[in-house]
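There's a structure below that I have some questions on.
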Amino acid sequence: MTTDNNTLLEVRHLKKYFPIKGGVFQSTIGNVKAVDDVSFTVKRGEVLGLVGESGCGKSTTGRTVLNLIKPTSGEVLYNGVNIYDLSRSEMNKYRTKMQIVFQDPYSSLNPRLPIYEIIGEAMLEHHIVSNKEEMMNKVFDLMSKCGLFPEQAGRYPHQFSGGQRQRICIARALAVDPEFVVCDEAVSALDVSIQSQIINLLKELQEDMGLTYLFISHDLSVVKFISDSVAVMYLGEIVEMGSKDQIFNNFVHPYTEALLSAAPSFDPRKRNNANRIILQGDLPSPANPPAGCRFHTRCPFATERCAVEVPEIREIEPGHSVRCLYAEERAAKRAAQ
Amino acid sequence: MTETNTNKPLLEVKHLKTYFHSRNSTVKAVDDVSFEVYQGETLGIVGESGCGKSITCMSIGRLVECPPGRYEGGEIILDGEEILSMPDAKLRDIRGNKLAYIFQEPMTSLNPVFKIGYQIEEVLMLHRGMNKEEAHQAAIQALDRVRIPNPERVVNDYPFALSGGMRQRVMIAMALACSPKLLVADEPTTALDVTIQAQVLDLMNELKKEIDTSILFITHDLSVIAEMADRVMVMYAGKVVELADVNTIFERPLHPYTRGLIESRPDMSTSGTRLNVIPGNVPDLSDLPEGCSFSPRCAFCCDKCRAGVPELVEVEPNHWVRCYRPGGEDLDN
Amino acid sequence: MTETRDEIIRKSTKEDSYWRGVWRRLRANRMAMISLVILILIVLSCIVVPMLSRYETYEVIPGAANQKPSAQNWLGTDKIGRDLFVRLFYGGRISLGVAVAVTALECVIGVVLGSVAGYFGGIVDTIVMRISEIFMCFPFLMICITLQTIFGKSIRTLILILAVLSWPGIARIVRGQILSLREMDYMEACRALGISNRRQIFTHLFPNVLAYVIVYATMSMASVILTETSLSFLGLGVSPPTPTWGNLIQEARNLTILQNKWWYWIPPGTMIFLSILCFNILGDGLRDAIDPKMQK
């Protein structure tokens, strides 16, 4: 992993542990390893999809990358600069380059402020515009870019529907001219017909403005549609990472395989598929992950070795990394088929 | 695989109207909805938030809070008995016995202060007249049936000790404890992770074969419908807009809304630069447009659509559509 | 373009702002509006009556002790011949004044400590909350008596004592609000946008907390009036001859007066009852009007 000109963001060995407090004196009695040694790179102008089930650490990763949560250890290089080394005011400058869009369009907007202020406040704050007049012009621009009517700039959040609110959130994130946007389940809370509108909007904006996304979602079909490359997380670790084609068509890790086959097919004639893998059991707690390979408790192909040996994530073909003891064998078997 | 039953339906809903009244507006949450569920089949109801799918299913067990809700008309006939006019005592006997529910939130559907076993036993003692010991054994069996490991131990657990997927299994066990004729599942897997959802859906399909219960399956997720349903009913703004068997719905949808929903989905098998979208917003039920409720978002909308409300018509055998121009008639040339 | 923009800003501040919505919902609540009107009337008459009355508050009318209500003395006179009508409203000034002062002071202490605890969290939060718990454990009357003996009996001491003893309530509400607001995604968005701490606090946190403080303050007015009354009745409040509603009732504290001289205690009793009831109803109304759950 070398930083070249094409790399916008490089995450190295990122760890975030949340202490579990207990006992009379609230001492730390354990750690929830929400993100445990995660490394990845995002190329400029690309979309990296981050998929996984709830509690796998994908949202924590997104927020830690933006320095909204302080990491336990690790580095995040943005254009080659480690953002965790920056002073407060230097970090504040970087804030304009990296933005986030949240899942819940209802709690993401302050109900007390009119839309123009919600979108425009950061512009004044960062002196992107010099006066209110300029700010309003830019707000209008952004609103029409995001499919809102500028005439509605004076309204308050409660007068908008969920989909429109999400457009407002996107406009707010774009107000500071960012290069990199974390979309944290940005379309998950929306109705089906609205979801596709927002996905299209995100894709349009990405192409027009040359944005780079870290697209966090549990929905594989959405990730497949929007991403250029994909990382799959399980219990705080990345288990497989590669281009979209590698993950969706040449997947190697058993968890990726299970996730893909668990997603209900859109074709009613394909149901009762015999090859379908249904994982047994529940997600183990990230406070107490299984020894050995973290997936071995649910893995249909687990061997005794998996319970003991911790697999390292390694590249099995250019750009395709897998964390499985049997990665090479499984890849060879797939190729043979 | 879905030969439509010609025998008498298990559940018949005729012209059901459930409205919500507030001081200055009336929300027609369910507006003249009719459908049947046959013995052993799964009818899927699909639609977006506020389309009336949940209220429809709540109405079947008269679970809508009145007021503000009111059943303005229609009939619900379950196994030969009319539910809307039934006395309360009789209805209580039917709920849980012939008719059982599973809801979206397994967290809030179980009482946190009672043991899992007790909550199942209660249902059995009430409806099956079992004594404590029989009910306890039956509860263990019920948990075993939904593939819960160590049912003897889980009956003595409290709900918080179980994960979301396990709780949903307990809910299913409880719902099926009295072998109901109709199981109403309202978004039962929406709160669950993909791999857990696959487990629960798989379990429901297996159980359906085992005990021959009819299922009314409500969801916003078309792919879950594709997985589960024999027939599908699509709802929009309180009305049924399309009703057909599952293959027809996915292969030859005729209502523009159904087509839009299916085409707008970034499916696993498609990959392009843009998704097809349905423009506009999900309608506000207290402020519906004139004419067809879907007309402002419809690509095929004509003057007729803006003027009058179309009827639900059987355009081909067993395929009902509420549209003046099903399949974009007169426009595709 | 310029025109529409100005229009938008003007409209936004006029039509649909949050506080307009609150006011609209409050106006729809008839009981709350009646209470508000009654309270305004009470306050106005407390201000105006002592100014217009022909008698002074402490003026003893010669040979007119223990008079029944009459054309000269609308609510009669007390046992040394002071006009009870003017004393009732002057007493109202003191009672309401104490209530306003205590509430204001209590809210300032409570909001500051509560926001500090909620915003900074951690050890600061623990310290502030433990202190508030200690304050809530004090036996109220004993502390009152002790402090009054130490610092001397005056209205100012009374206000200070009441405020110092009652701030934990509002502090806890503010802290709870801030803790839950901090979890809102829009606060996270502020941090992500690099909005300054000052703006975060004053534009995003404070207005959201303010609504709850207003509701609490309204309710607190009622409870301070009641406390002051009880203290004065026990002789621990404002010392006579200064009239307060509590002191006026205190003067009626014997059986003959209670049975035969209704004008000693019914008017101040009614004022206390009315004002407390109105403050409580108004507070409830405000809470309903402010509650975001009522908002679509």
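Going in written order, the chains are labelled A, B and C, and every chain counts its residues from 1.
Rule of thumb we're sticking to: a residue touches a chain if its C-beta (ideal position, glycine included) is under 8 Å from a C-beta of that chain, and two chains touch if they have at least 3 such contacts.
As the structure is a prediction and not an experimental result, all values here were calculated from the model.
Peer 1: Between which chains do we find the greatest number of C-beta pairs in contact?
Peer 2: A-B
Peer 1: Averaging each chain's C-alpha atoms to get its centre, pick out the one most distant from chain A.
Peer 2: Using the mean of the C-alpha atoms as each chain's centre, the farthest one from chain A is C.
Peer 1: How many Å are there between the centre of chain A and the centre of chain C, using C-alpha atoms for each centre?
Peer 2: Roughly 49 Å separates the two chain centres.
Peer 1: State, to the nearest whole Å, the distance from the C-alpha centre of chain B to the C-alpha centre of chain C.
Peer 2: Averaging C-alpha atoms per chain gives centres 52 Å apart.
Peer 1: Chain A to chain B: how many Å between their CA centres?
Peer 2: 32
Peer 1: Please give the residue numbers of chain A that touch chain B in the complex, ascending.
Peer 2: 53-54, 161-164, 191-197, 199-200, 203-204, 218, 220-222, 224-226, 248, 258-269, 271, 276, 278-280, 282-283, 298
Peer 1: For the complex, give me every residue of chain A touching chain C.
Peer 2: Within the complex, chain A contacts chain C at residues 63, 66, 68, 91-93, 95-96, 98-100, 102-104, 107-114, 116, 121-122, 125-126, 133, 136-137, 140, 150-151, 153-156, 158-159, 169, 172-173, 175-176.
Peer 1: Residue numbers of chain B touching chain A in their complex, please.
Peer 2: It comes out as residues 48-49, 163, 165-166, 193-199, 201-202, 220-224, 226-227, 229, 246-247, 250, 260-261, 264-271, 273-279, 281-282, 284, 297.
Peer 1: Could you pull out which chain C residues touch chain A in their complex?
Peer 2: Contact set of chain C toward chain A: 1-2, 4-5, 8-9, 11-13, 15-18, 184-186, 188-189, 191-196, 199, 203-204, 207-208, 292, 295-296.
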